[in-house]
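Listed below are the structures to be examined.
The two complexes that follow have chain A in common; it is paired with chain B in the first and with chain C in the second.
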Partner chain A sequence: MPTERELAISPIVQESVQHNTRVVSNIRSLTASLFGVASGILGLESYAGFAFYLIGTFFVSVLIWAFLAKGKQGEYFQGPLSELWAGDVLGGGMSFVLTWTLFYGLVRA
Partner chain B sequence: MGDPVTQTIHRDPALFYWILFPISIVMILTGILRHYATILLQTTPKKLSLPALREQRQLLHGINLRTNYSAISASSFTARKNYMVAAYKNGDFLKDPENRGKPAGNPMTDPAAMEGMMGMMKGNMAMMIPQTLIMSWINAFFAGFVIMKLPFPLTLRFKSMLQSGIATHDLDVRWVSSLSWYFLNLFGLQSVFIFILGDDNAANQMAQQMQQMNPGGAGAMFQPGQDPDKVFRNEAENLEVVEHEYVLQGVEERVLALP
Partner chain C sequence: MNLTNMPSYLSRPLTFLGLLLLSHACYSAYEHSTLLTISPQSSSLKPTATFSLPPSASLPLDISLETILSVIMICAGLVVGAEELKPITWRAWAGKVERENGGVGPFQGLEDRLGFVDIRAKRKEFADWVRDQDSDGKR
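The block that comes next holds the complex of A and B.
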């Protein structure tokens, strides 16, 4: 945690932090649904499906890090490991399971 | 006896169109409906009288002074601090100075607090009633058959919950009834709601549990049952403890050190 003096000189604005978190959250839920569709169409079963989701989310996180945070994750996030890389994975996981189940049932017939 | 036999049941594809999609669409629509209903049902914030408003705002003033002290110079801060501490101790800002030292009003008798609690209860009701309604609707119309196969296996404990209408022993847990589709939708649609309704929408289940409605709006600082005099004294003590440091101290070196 930066000292009080450093915080006074370059303060952490709550709105910006929220905006960053919201961007990551939106991207994650959208890509989670799409991964669910892909996983259902491919017909992946239990562990393979979840592994597909985790690998895909990791890939999306790399893209966020490279293009949106421009590699400097410390400037955009207070705790980059828990916010950029692992942020909202469970919430996205719910959307993933929803679309995965839907398309798995639709395609498999 | 070797590998477990994969159980397949051939299903009519029309099942999907008549069951899966309607349940999802109904849930999305009720979510949107609930969001707008909550907005319409919100009570307008009550207008506070001038002494009451002054009481709350002066407390905010003191808290702001304590948080942002580094932005003003030492002499300026000391002048403000002395004024605020003296005023807090004298009780200049109190709504009704005759009530000093008396215990705070009972939340049941204070009308402002009642409205706050009613608001919270209305929010909770608006949340629970549609869920109960939809669950009973699903149980009435869509019970008694399996609808789809889950792509991932679950333990046996879930069998009773997810296969509610079917009494078989051997059927794999992966075959589920429509109630489980309802549960899946319940959790999975939260992110969809964030998309279409923007942030802090009333259909979000998680945000509901962390919400509190206050009739005075965002500025109201007094919880029902707190004595304002004590709160003021605490604030005065906090102000006295502050060690002031001016952010512009040493700014010459910082500016000159910039590349």
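The block that comes next holds the complex of A and C.
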């Protein structure tokens, strides 16, 4: 976290921080259920499914980093590690498991 | 063309195509799994050629590849089509706003104070206006 002095020298626009967090969490929740669909179709089980989710999440993070942040993650995120690379991973995991089990059951009825 | 400058109008078609591929892959996987459950005895049709798939036959490679490709396409489409991020430091953000609004930024209130008024420009403006009025009156 930046110190009080750094914040006084270069203030943070809270509105932009919230906007960026919202954009990332929108993408996360959409792609999490998408990965659930995919791993259900592929018929992944137990650890393989979670590994698929983590790899997919990392891939989406790289996409956001390249396309939206243009490689300058410090300019758009206060803590890039927690807001971009690990942001909403656990929250998206719930919707991942939901669609994973649904599509696994649908395809292998 | 730089890959990271992909135009955002590509996002919708890319996502749509990805969804199409994904639903096709899903249906293919479903068909493949029903194929495994049908045994020649239970089927009313007599198969001309007996084929036997092992019961643990995994998904064909083309369906797996189609699924993964479609997921990659949808992800790229979603990310490219998302709203732009805003810079969080005040100076970067204010500069961006000022450039986009043609010189009117969040600091306009400070720049409009009396000490910053360009008095010569205002005087010239007024003189021009008076001259205009005069010439209009004579005509």
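Going forward, the second predicted complex is superposed on the first by the 99 of 109 C-alpha atoms of A that agree within 3 Å, B and C clash if a C-alpha of one lies under 4 Å from a C-alpha of the other, contacts with A are read in each partner's own complex, and residues count from 1 in each chain.
Following the convention adopted for this analysis, contacts are C-beta pairs under 8 Å (C-beta built on N, C-alpha and C of every residue); 3 or more make two chains touch, one makes a residue touch a chain.
If you're wondering where the values come from, they're calculated on a predicted model, not measured in any experiment.
Novice: Should chain B and chain C be called a clash or a fit once both complexes are overlaid on chain A?
Specialist: Once both complexes are aligned on chain A, chain B and chain C fit side by side.
Novice: Is A:41 touching the first partner chain B, the second partner chain C, both, or neither of them?
Specialist: In the superposition, A:41 contacts chain C only.
Novice: Where does A:100 make contact in the superposed view: on chain B (first), on chain C (second), on both, or on neither?
Specialist: first
Novice: For A:16, using the defined touch cut-off, is the partner it touches chain B, chain C, both, or neither? Pick first, second, both or neither.
Specialist: Touch partner of A:16: chain C, not chain B.
Novice: Which partner chains sit in contact with A:79 here, chain B, chain C, both or neither? Use first/second/both/neither.
Specialist: Neither partner.
Novice: When the two structures are overlaid on chain A, which partner does A:64 contact: first (chain B), second (chain C), both, or neither?
Specialist: second
Novice: Between chain B (first) and chain C (second), which does A:32 come into contact with in this model arrangement: first, second, both, or neither?
Specialist: First partner only, chain B.
Novice: What's the minimum Cα gap, in whole angstrom, linking chain B and chain C in the superposed view?
Specialist: 9
Novice: Following superposition on chain A, which residues of chain A contact chain B and also contact chain C?
Specialist: 26, 30, 106, 108-109
Novice: Spell out the residues on chain A that touch chain C in their complex, using ranges where they run on.
Specialist: Residues 10-13, 15-17, 19-20, 23, 26-27, 30-31, 34-35, 37-38, 41-43, 56, 59-60, 63-64, 66-71, 75-78, 103, 106-109.
Novice: Hey, which residues of chain C end up touching chain A in the complex?
Specialist: 3-4, 6, 22, 25-26, 29-30, 33-34, 58-59, 63-64, 67-68, 70-72, 74-76, 78-80, 82-93
Novice: Hey, which residues of chain A end up touching chain B in the complex?
Specialist: So the residues of chain A in touch with chain B come to 4-5, 8-9, 22, 25-26, 29-30, 32-33, 39-40, 44-47, 49-50, 91-92, 94-95, 97-102, 104-106, 108-109.
Novice: Show me the residue ranges of chain B that touch chain A in the complex, using the header's touch definition.
Specialist: That would be residues 11, 13, 16, 20, 70-71, 147-153, 181, 184-185, 187-192, 194-195, 199, 245, 247, 254 of chain B.
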